[in-house]
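Pasting the structures in now, so scroll down.
Next, two complexes with subunit A in common: one pairs it with subunit B, the other with subunit C.
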Partner chain A sequence: MNTLIAIAGLGIVCLIAEIFNLRKAIVPVTIIGLMAILGLTVNDYFGLGLDSANTERTEAFYNNMIVNNSYAMAFTGLFIVLTIFLVALTPEFHKNHKAKLSDFVAIKLFLLAGAVAMVSFGNLAMFFLGIEVLSIALYVLAASEPKNIKSNEAGMKYFLMGAFASGILLFGIALIYGATGSFDNTAIYAAVLTGNLPGWFFMGIVMLSIGLLFKIAAVPFHFWAPDVYQGSPALTTATMSTLAKVAAMAAFFKLMSNLNHTVPGAYITIIIIVSILSMTVGNLMALKQDSVKRMLAFSGISHAGFMLMVFLNPMVMKGVLLYYAAAYALAGIAAFAVILYVTSGKENEDVYQFNGLGKTNPLMAAVLTCSLLSMAGIPIFSGFFGKFFLFENVLENGFVYVVIAGVINSIISVGYYFKLILAMYNKDATGEAVKVPVSYSIVAVAAILLNLAIGLYPDAVLHLIK
Partner chain B sequence: MDVSFILITLLFGAAATYFVGDKWASRAALIFSTAAFAATLYVIYRYNLGEGVSYAHKWISNPRVILGFQADGMSLSMVLLTTALTPIIVLTSFGNLFPKSRAFYALILFMAFAMAGTFLAVDGMVYYIFWELSLIPIYFIALRWGSGDAETRKKDVVKFFIYTFAGSLFMLVAFIYLYTKAGDFLDIHLYNIQLSKTEELLIFLCFFLAYAIKIPVIPFHTWQANVYQKAPAAGTMLLSGIMLKMALYSIVRWQLPIAPNAANEYKYFFIALCVAGVIYGSVLALKQTNLKKLLAYSSLAHVGLIAAGAYTLTLDGLRGAFLQMIAHGFVVVGLFYAAEIISRRYGTEEISEMGGIRIQAAKFASMFMILVMASVALPTTFNFIGEFELLYSLAQANIWLAVLGGTTIILGAFYMLRMFQQVMLGDKGGKVFADVTFGEGFTFIIIIAILIFFGLYPKPIIDFLTPALQKVLLNINPIN
Partner chain C sequence: MENILQEIGIDNYIYLSALLFCVGAFGVLYRRNAIVMFMSIEIMLNAVNLLLVAFSTYHQDAAGQVFVFFSMAVAAAEVAVGLAILVAVYRNISNIDIDNLKKLKG
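Now for the complex of A and B:
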């Protein structure tokens, strides 16, 4: 609870700082503030005694609006780390719009507040508030380059599609309320346990699922993603494909393991189909892309498909979801830090812009290579372990064909990740080498080192969630 | 000091080589690879005294993965091959002035690290990680420092990567499936799982896919010749000298003991496939006009015979496979080095454009002759011992297989000697060829000395290998 208030407070401090002409202090203060909030989260985690406990412990606030447990706090920690990286990238990226810096930082903080609410809700009202705060922040960020027609298009598309999804989501919540008489998670859970629920409860579940599948851009609700990713400013794309996607996935998982405790077989079948479709369509489409942003959008769709596998054994795979999300998001941040550097001042983000990066800037090329190898699932990077844990748990539950689909998709994905690597190392540079901004290189290196670190010590992340 | 020390030396050496800079990189790489070789010798010395040199440490608790490295005759002999060849490979690159040489040498050491880890790993997951890890450095070595047109090279190298990666992923699935039965990845636990017939066959095939692509066994060999030709000489040596041995070693270490019944039941099919590769490689080698491609196809024939020997499931077959792996590792590195020297001086890889070397460089020609003789398994060379045991094991399985496999020696003698004739003999015809320098001669002498010494006195290696192989055989043939 404190975390959420502190994040929102920090966002307001940012806006006030602009009024008092303290622009230079905004980013450092925000980063230090976020680190302090991360400390607060860790403190809460220890306060509940979760570090030594083997079972989940919870603490509820404000009439069960917000519930702190290991799941909520572990994901909150991940979101805060990702936001620190994103905020650190902000001043350099928006260096031509210095006057709006406070807005960009504050919006990211509010986005974080939304994400935190999405994983620590105890009440569907709070959940909906969280997802709306996150989405509205993203609509604004997507359209944050008013003079760029593509950014306008992206913002508009995202807003229309997102608003539509929110409507469906809300309708789902209303149906669930109608079926159980409550917005409260525990009350709904109790109602589910009694077993006699009207049919529209399941309609509600399906509508909630559709809304969230839209947010994580799973096939067949993925059509907005490539256009929006490509049109948005690159930093917004980074935010969407890392923080927003992971937050939506975590919320989806929490919601379904709470509400749909006794997952009916038909639902599992749907999830399997969506998962295999997302992996396959995402990877096949990514093969054909020239724009790196579009490619990563499709790769993000396929990763959403991979993450959906956790629904096959929700009780055990919470930790795996956290691990996969962390591995994917950290690799994404590192990749985007390099992409921001390479594409700054260029008119597009096509693969040829990366030609010769291995010669002009070996460090950034190495970071991008590592992050792509991580996403492709090549050991020792954490992306490999994420896939390994997923496959292991899924296979243990007997879904061999899902694993086979995952394996085939891993092979396909090598094709497009390596397209970028080849461009960096096997082609000659087209332009002059530009100096890397310090903030970009720090974020890129820090993110990839974190990725490697959780690859070397998977236990540290896997067991955060009890 | 246990086996992990070898790995640490190589890994640290890779980092140090990168950081000392381009000027000193080659020397740093030589020092660290020699240090790793010395460490290996010391570990073997301690192992022979009966001291514990294995290493185990708990790594991931769920799923259970143990960071374990095991020393026995099999793994140590292969690690010795790796760490002995690495300094030689580094030495052979001294004549090349590579751009960014620090990255090049660091990648060689890193690759040696990954391969040594593959040979030592006792936990299936750790093994898999090292197995995949070895793919990344060779990919970059072949891609960045290779020869020929960049576009076609890119295609060939990516094909190689995707091929091997695809095969390995099926092995990963097999490992995970075994884990769900055994509860961990330790090799002895995996050996003891009871599997149904279909399960065993599927697992056997998953492993086979990974190994057949890497060895390569036909019909999975299409990546090989192009990559061998286009990779820089050091990359080709790493690939042919050590990396494909990873797959041959893994057959004995993992595939056969995990799925022994499938191995016994379908033994003739797999032997036949490998022998077909032997003949196919030999016939294609006859037709080659490019020196490196000729060596690549002759290598295809030799490793086919090794794999066939391993699939006979007899002590002779397994031992022959290991002896021949070591012998072939040294010979192939020597031959590719000679090819590299010729192409450096003549600026061509086409056999028809060569000739006239013996008149100008007698020392080089005689050393090349010895390597050619070793390659065709002339008695007194180490290769003879290995090839003899392999053919003997094939004869135990079926005499006709041995006859077919034996054609490799006849065909091999034919195309290798013809190649020698065309490359070395004849008039010089205006082409200038300087004789070997001290460094080059030194490298050749080491290789030749090893080949002839163990050709005359193979007992130490045979004694070292046999107990470990007998132990594995107990898991493969429970009845014997």
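Now for the complex of A and C:
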């Protein structure tokens, strides 16, 4: 609870700092503040402990609006780490618009507040507010270059699709309320256990799922993602493909493991189909992209497909979801830090911009290579272990064909990740080498080191959720 | 209120709001003017509000009506952002037809 208030407060402090001419202090203060909030979250996490029956204790605040449990705290920690990286990238990226710096930082903090509300909700009202705060912040960020027609188009498309999805999601919430008579998670869970529910309830779950599949950009609700990712400013693309996607996935998982106690069979079949389609369509479309942002958008779609596999055994796979999400998001941050460096001041983000990066800037090329290898699932990087634990658990539950599809897709994905790696090392540089801004290299190296660290010590992350 | 709800029946409220919701959804899908699309999204959200209020009375529970306030506030914030984006688009292309936004392709 304190986490959420502190994050929103920090956002407001950012806005006020601009009024008092403290622009230089905004980013350092925000990063230190976020680290303090991370410490608070860790403290709360260890404060939870186990009760006498050796089950996890939860803490509820404000009439069960916010529920702190290890799932919520672990994901909150991940979101805060991602936001620290994103905020650290902000001043360099917006160096030509210094006057807007406080807005960009504050919006990112409000986005984080939305993401935290999405994983620690105890009531559907809180969940709805969280997802809307996250989405509205992202609409603003996507359209944050008003003179750039591409950014306009991305913002417009994202807004229309996002609002449409919110409408569907809200209709789902209304139907669930109608069926159970409450927005409260525990009350809904109790109503589900009685098993005496009208048909609307299942329609509600389906509409809620559609709304969230829109947000995580899973096939067949993915069509907005490539355009929006390509048109948005690169830092916004980084935010969308890491923080927003992971937050939506975590919220989807929490919601469904809560509501879906009695709907096995058919729902699982749909999730399997969506998962396999997302992986296949995402990877096949990514193969023929020239723009790196667009390629990573399709790569994000395929990763959403991988993450959807956790629904096949929700009780066991909470930890795997956290691990996979952390691995994917950290690799994404590292990759985008390099992309921001390479494409700053350039017109497009095509692959040829990366030609010869291995010679002109070996460090950044190495970081980008590592992060792409992690996303492709090559060992020693945490992306590999994420996929490994995922496949292992899915196999244990007997869904062999899902694993086969996943493995084939991992192989396909190597194709387009290596296109970029080959461009960096096998081709000659076209332009002159530009010096790397310090903040970009720090974020890139720190993110990839964290990625390696959780690859070497997977247990540290895997068992955070009890 | 209770008597009216009992006479009409909750089912009819659900049908009405589902119908309104579909009107909004088809508006978003078929109309090409951005303002009309915004209006259609508002119709979808208001259909949900109607449903929430009907269920609230049906269950004799105020939570549904409180939720409507949340969803109204959110819809207002959403449209404020949407209109701002629309103004930016209009300044660039002097037009608000969605079909003119075709710069992004792959």
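One rule holds for everything that comes next: the second predicted complex is superposed on the first by the 459 of 466 C-alpha atoms of A that agree within 3 Å, B and C clash if a C-alpha of one lies under 4 Å from a C-alpha of the other, contacts with A are read in each partner's own complex, and residues count from 1 in each chain.
In this text, contacts are C-beta pairs under 8 Å (C-beta built on N, C-alpha and C of every residue); 3 or more make two chains touch, one makes a residue touch a chain.
As the structure is a prediction and not an experimental result, all values here were calculated from the model.
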Using the touch criterion from the header, give the chain among subunit B and subunit C with more contacted residues in subunit A.
-> C
Considering only touches as defined above, state whether A:39 meets subunit B (first), subunit C (second), both or neither.
-> neither
With the two complexes superposed on chain A, say which partner A:291 touches: subunit B (first), subunit C (second), both, or neither.
-> second
Please work out whether A:28 is in contact with subunit B alone, subunit C alone, both, or neither, and reply first, second, both or neither.
-> neither
For A:220, decide between first (touching subunit B), second (touching subunit C), both and neither.
-> neither
Partner chain in contact with A:379 - subunit B first, subunit C second, else both or neither | first
Subunit B and subunit C contact sites that coincide on subunit A, given as residue numbers = none
Per the touch rule, the subunit B residues reaching subunit A in their complex are 59-63, 103, 125, 128-129, 132-133, 135-136, 140, 143-144, 150, 153-154, 158, 161-162, 165-166, 169-170, 172-173, 176-177, 179-180
In the complex, go through subunit C and note every residue touching subunit A.
-> 10, 14, 17, 21, 24-25, 28, 34, 37, 41, 44-45, 47-48, 51-52, 54-55, 58-59, 61, 63-64, 66-67, 70-71, 74, 77-78, 81-82, 84-86, 88-89, 91-93, 98, 101-106
Write out the stretch or stretches of subunit A touching subunit B in their complex.
-> 358, 362, 373, 378-380, 384, 388-389, 391-392, 395-396, 400, 403-404, 407, 410-411, 414-415, 418, 422, 425-427, 458-459, 462-463
Sites on subunit A touched by subunit C in the complex | 125, 128-129, 132, 135-136, 139-140, 143, 146-147, 149-150, 152-157, 159-160, 163-164, 166-168, 170-171, 173-175, 177-178, 181-183, 200, 226-227, 230-231, 285, 288-291, 294
